[in-house]
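We just call them A, B and C in the order they show up, numbering each chain from 1.
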């Protein structure tokens, strides 16, 4: 049986105007509840009492539309967007685009959550505090770490929190000036370099050895009395598990440094391998990817930062604590790094992740891990023989885990069609743009795919067939592939230079109007 | 027990899994995990709560937990201070619950054209509110926006000291301090606790050619309106520093946008624009500047720009100034970006499109009228001073209870008994204000709600022996 | 507006390779190659590269020298080239390449696409310097210059993007001067000859997940800031700054007139020596704390022994290896495709000492640890 390929797919293409072009002067989308006449009368001329110059002279130039027109406009825009719940989104390697259950949206819409104010009396928020506490216990068990905070607003933010904790740890020992270097690896997520740099550290990056594993000899050359910590992913973004990860930890510990485990790629290792057993002092999870909550087009997200007891005093405040009867928020942590985000973080993500985890249980998490690696190896096997396609460090004798970094280098050399072209073409088959890799490309013409547990055998077969089809197209008619997409919501941009030209770029409609006015 | 087929895991069907493993030539997933050395493997089964496998069971369980909460819907709330109770129109929820937006990723310009356009429209409408031409994709929250703005300024002018008005939100200040720790010094500017407003003498005394930026919030965290924006801008610009102003955008239908009194960078919080409070999880920050390359180059986050496509008349979108060139000392100060709060940006776009110019004006005016009405009622209660800080305010004001001999904690406990969440207790954050609370009034409050508050307060205070002469 | 692509084919480039000769410079070698049955490689590669530009037909004017120097190849690829100049058919010389490049530049081409090897790149450099963007289609044997794309099709693809104005940036790439006589005898004697302005093969696709990128210029500035910070911290030390555009960025940022191809000396942020030789280096660094700042030169990853021979083993021994600062952009490191950095100082003991792992400065407070081999 040949797998399906959506050959006649056509994405919605509404040629949707910008909302300002839809404005009907005087129209209203919603009316605002105005105060009672008595209130207005007693209040008097509130605007007249404003300090000089503080009364807005002209109304803001917002569009004016009836409610139906606002609704249909944004429905059109939603239809011109591919979300993971509606597509075969194996594409986003390192991002774990899994199914995001609808029930969880019902739960966060419950006013007993949606309409909670963060400064309510503790007695009135025992439910959400209990959810935080329960999910803390779950994360601690999954990581093996002693403490966790959910304040960071995403994975990168959790890595930044880690860097802040490392900074506070060394400052508390009076050694921050000396311990000013953080080591990372090139196939770790770039935030493992960028977040420590933001926190003021120098960053030292290790390259892989010939097998694609971070070079342990390079690590030995890198550690010194300046080493504050290592920040590393495992498996890295190329899907190869570093079997000597505990040696890395040992080498850094022996040099006096701390060890942080970036667990953005944790999905396939739930209940299989933990930060604790490898000896790490800290780790983090991208709650929004590993625990089934939606990405929201780039947030709201959540990063769970976990650490060993020794580092717990530095965690941001407040901490959720349980006294055996009631849950409390504890701000009394004198060594805390303070805050990385206002209030208690993205509580909705925690609520959804808790619900997801409660439906899965320990067996479900293990099944998630098992099916993720089976899916990936199945797909890798099916990709064999596609012309022009290879993958990084082929032949190193190591099985890939949850994802693979493929390379279109042979296709590029043969046809001139590179990964960016294939990526534009894949949209013509109803599949989301895939993840290549960060720049500069260490693996040429990369394509990083992560077929996590959500995807069925048919999804995997479809994806492979689409890849095979595009390869064939590239060999037959490279120009056609290079002109893609042909059936997406929008055609190709034809003037990228305008996006780099201060006289032409327009980040807002008003800027556009100013710059195009004759 | 037979093998569980998980609804969220298609290939957990045992026969399918077997077929796939046969294809790969393995007996179980353990053959793949064999790449992980034995001593690094977790042995046994994680000690997690027993799963609630059916959706119904799980829902019962979670709703059981949520039932332990009391919300601002079943109570009457006057809490603000960084998260505010506003009405969220149904259309906003409809749009941001669309699976296309909800489950999108960063995306690309063609297959996610709609998301790009929605983000561009968010920037366009927020840009009109703040009267600026460049607005970034949302940050984690307002605090994060200030932190980024401050670092942008420091990179632009190479200076390492910022002055911030001490009336700013202490929690936001804690975030800013954390971000500034490596190399930027944060100094506090005194403010007038009686009349409200920045102490300009203190500003003049502390500002110098070492000052990178001055930051204040308008309306302030304590609710009062800063009336000397122009003068602060003049003093700030005289030393070549940047003026950064934080703003609650729900005020901008009636209040002058900071750009018009000299702000160079404006930041603020989108939560009031159509995002549910969610226990403080509904926050989403923004940054806006003038459309000059020196500012545009410093944004660490994506900027969605409007352009053309090969199809005549079609709008296209892409990243503006994607490969930024180098300015001044930016190489020495870095930022990271990541997944922040894009979906809330779309919520804000839908909200502003629904509200329109008149809606934003009505919102602002109505809020001010309610607050003025409330201040009159509360200020008339014995021992109560409201507003405690004299300057005109927006949405919030400080209520002082020193004259009642009671603590805010005691009063709020009494109010809670009557189903009311009293204002935020400021005695921890601003001890110099005595027993004060920050009360917030928005369009959700009716005349009767405000009266009910006043009566409940009166009753609560009467239940205590009077101290006031 | 119609875009103009200038095409230059060195028809004999690459001929030596197939018959075991290294390079084809010099009339004798060429005759030898022909006698050995070598067939021209360059024309085929030129056609291959041009095939990538097929769908621009009509929107693109190809300007070429006659016959085998470009005209024939353009026609074979299905284009109607504008032909200028004249040649002695079957007997083209390096001078023809120089003349062709000058003529094409004068005609205002948007890109010079040349097919050849290291020698061809030198000829193009002699003719146009960095005044017009250029790009090499590899036809020669082991090429040391970094001005060539990896394959003919990759070159054609990049040329097409230039024609479509889809290339965001151009950068300076090295042209190496390899003494081919010495090379054939198994010795590599090379120096940095100069730079051509070539289109950057990256960054043209916006990579949303990575956020906004810093361009090559910003990367160079960040590296410069790192070195300048060290210069500020040690105002009394001598900084020996090797050749290259990466190191030139340091001088530019300091507002100093450095020499692109030579070794300069900086002390207290001031230029205290220009284009100095080994003897000067030994004298000036005698008995004082000195730092050596070098970059990767050429396409193969050399940090010593290619173009910076002035910084000799004796100089390195005197200065000490602990003060070595290697600078390179991440892009340059990526272009090594996992290969090591190389040293060839001419002194086996020094090469051994330099081998192992080196820290390479890739940005401000941003370093990598990278393998070095002799």
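Rule of thumb we're sticking to: contacts are C-beta pairs under 8 Å (C-beta built on N, C-alpha and C of every residue); 3 or more make two chains touch, one makes a residue touch a chain.
Since the structure is predicted, the reported quantities are computational estimates derived from the model, not experimental observations.
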Between what two chains do the most C-beta pairs come into contact? A-B
Greatest Cα-centroid separation from subunit B: which chain? C
Need the CA-centroid distance for the pair subunit B / subunit C, whole Å please. 50
Just curious, how far off is subunit C from subunit A if you go by their C-alpha centres, in Å? 38
So, in whole Å, the Cα centroid of subunit A is separated from that of subunit B by 20
Show the residues in subunit B shared as contacts by 2 or more other chains, in ascending order. 105-109, 303, 318-319, 321-323, 334, 337
On subunit C, where are the residues touching two or more other chains? 168, 203, 209, 213, 365
Multi-chain contacts in subunit A, i.e. residues touching at least two other chains, fall at 95, 197, 423, 496, 500
So in the complex, which bits of subunit A are touching subunit C? 95, 186, 190, 193, 197, 201-208, 210, 215, 217-219, 221-222, 412-416, 418, 420, 423, 435-436, 438-442, 444, 478-479, 483, 496-497, 500
Where on subunit C is subunit A touching in the complex? 52, 54-55, 150-151, 153-154, 156-157, 165-166, 168, 202-205, 207, 209-210, 213, 330-331, 333-334, 337-338, 356-357, 359, 362, 365-371
